Amino acid sequence: MTTATPDPSSAERACFEAGIKFGSLYHQFAGTPVSPDSARSLERAIEAAIENQPACVAVSVEIDDQALQSAIDAGGADYTELTGRLMDVRIEVYHDGTNVVAEMAMEDGYPLMQLESVEESS
Amino acid sequence: MTTATPDPSSAERACFEAGIKFGSLYHQFAGTPVSPDSARSLERAIEAAIENQPACVAVSVEIDDQALQSAIDAGGADYTELTGRLMDVRIEVYHDGTNVVAEMAMEDGYPLMQLESVEESS
Amino acid sequence: MTTATPDPSSAERACFEAGIKFGSLYHQFAGTPVSPDSARSLERAIEAAIENQPACVAVSVEIDDQALQSAIDAGGADYTELTGRLMDVRIEVYHDGTNVVAEMAMEDGYPLMQLESVEESS
Amino acid sequence: MTTATPDPSSAERACFEAGIKFGSLYHQFAGTPVSPDSARSLERAIEAAIENQPACVAVSVEIDDQALQSAIDAGGADYTELTGRLMDVRIEVYHDGTNVVAEMAMEDGYPLMQLESVEESS
């Protein structure tokens, strides 16, 4: 017997949209050569690029200068490749009446993407 | 006055995870040189790569040979670059008791990523 | 019988370096969501990112606003994905006494990466 | 006074082509989620994808299982992201009478892309 599955809710669709933005941001820009001199322009370009995507209200990217310098010092060049360990990201999505905020930050030594809040807008 | 926001539900977190997989898949592999000869190996590699990600149960990628040939014929070479217009994707995620299925397919001439079903597992 | 192959020359190594920069630039950033509002920040970030790479003297990226608008008009959204058809790129490399300039521009309707000049510096 | 610069030679153009393939390969696939189970399919897909590019004769990619397992053990998941430290790559290009072989391998602890040989074909 098959029982009908209800359609996904607006909140669930908004969370799906937030996830798309995170995956897009990460896999589009991971691997980009980055140094202290280029970090600010890369932050701004990532924000503006992902904000183009549907339902995306705001994106904030902060490359951690100290983590960046440590990664450079551990390598053999004067730049490194962008990874999740080097940046904090906050993405705000609005979809069909629901606001979603999601963040990526270091937790227990690893970068973790997490849903922070899901709110019906009034 | 600030009212407390309830924590995101398991279903919402599962939808966020499904979105991450879609954004990752798309922006990791879009732009890959592809031809009829390399399409099958690329499908398999994309599936196996994304299935590595947390909460990802199954990924199915089908590159449309007819759309691929049309894109090649419209260009100046014997290959083209992978885009959403050339493939159908189905991703199944399981997170904390919830199964989510999401798909990307052409709709009205454009590739669209959509949540198909969100079900509590019994 | 095996005859010895001479080592690659400085000029050949410099041309190899120039090619690496072009391939890196293209496949790192192709697929990035782009609109007239985000085009300038993306140009600057691409230039600064690739200039980090070894032997890279200068990078110039110009996203063609008219081509960008045409691509957006042809699609179903208010942005598009960056491709070689939307930008002109010029890269200057210096390696072990040789200056190399390479460019990517539209030729006969297709984006073409070409070596422009290879000069021993005096 | 401007003195004429001679056009780049066939060998120089072939070296430029070889560099494009290396940069493309690296920045298209760096960041891909990879595990021992998915390494073989990823190797094959990278080879077939880059062999589509003009002038590319053969591509060989070997993901080092021991380096892969070490990277996974050092992280918090059962997969890691592909980087140059995890793979050896050999690319053969033929352009206008010249064969070029280039390789990427670890040297002094860092991945290095190098021109191995440039030969006029007879």
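Order of writing sets the chain letters: A, B, C and D. Residues in each chain are counted from 1.
The rule is simple: contacts are C-beta pairs under 8 Å (C-beta built on N, C-alpha and C of every residue); 3 or more make two chains touch, one makes a residue touch a chain.
The structure displayed is predicted, hence computed values, not measured ones.
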item: Between A-C and A-B, the pair with more C-beta contacts; value: A-B
item: Duplicate of the B-C contact set - from A-D, B-D or C-D, the pair where over half of the pairs recur; value: A-D
item: For chain A paired with chain B, centre-to-centre distance based on mean C-alpha positions, whole Å; value: 17
item: Chain centre separation (chain A, chain C; CA means) in Å; value: 26
item: Of all residues in chain D, the ones touching two or more other chains; value: 24, 26-28, 31, 77
item: Contact set on chain B toward chain A in their complex; value: 5, 8-9, 11-13, 15-28, 100, 102, 113, 115-119
item: Touching residues on chain D, where the partner in the complex is chain A; value: 26-27, 30-31, 75-77, 81, 83, 108-110
item: Complex contacts: residues of chain B adjacent to chain D; value: 24, 28, 31-35, 37-38, 41-42, 44-46, 48-54, 77-79
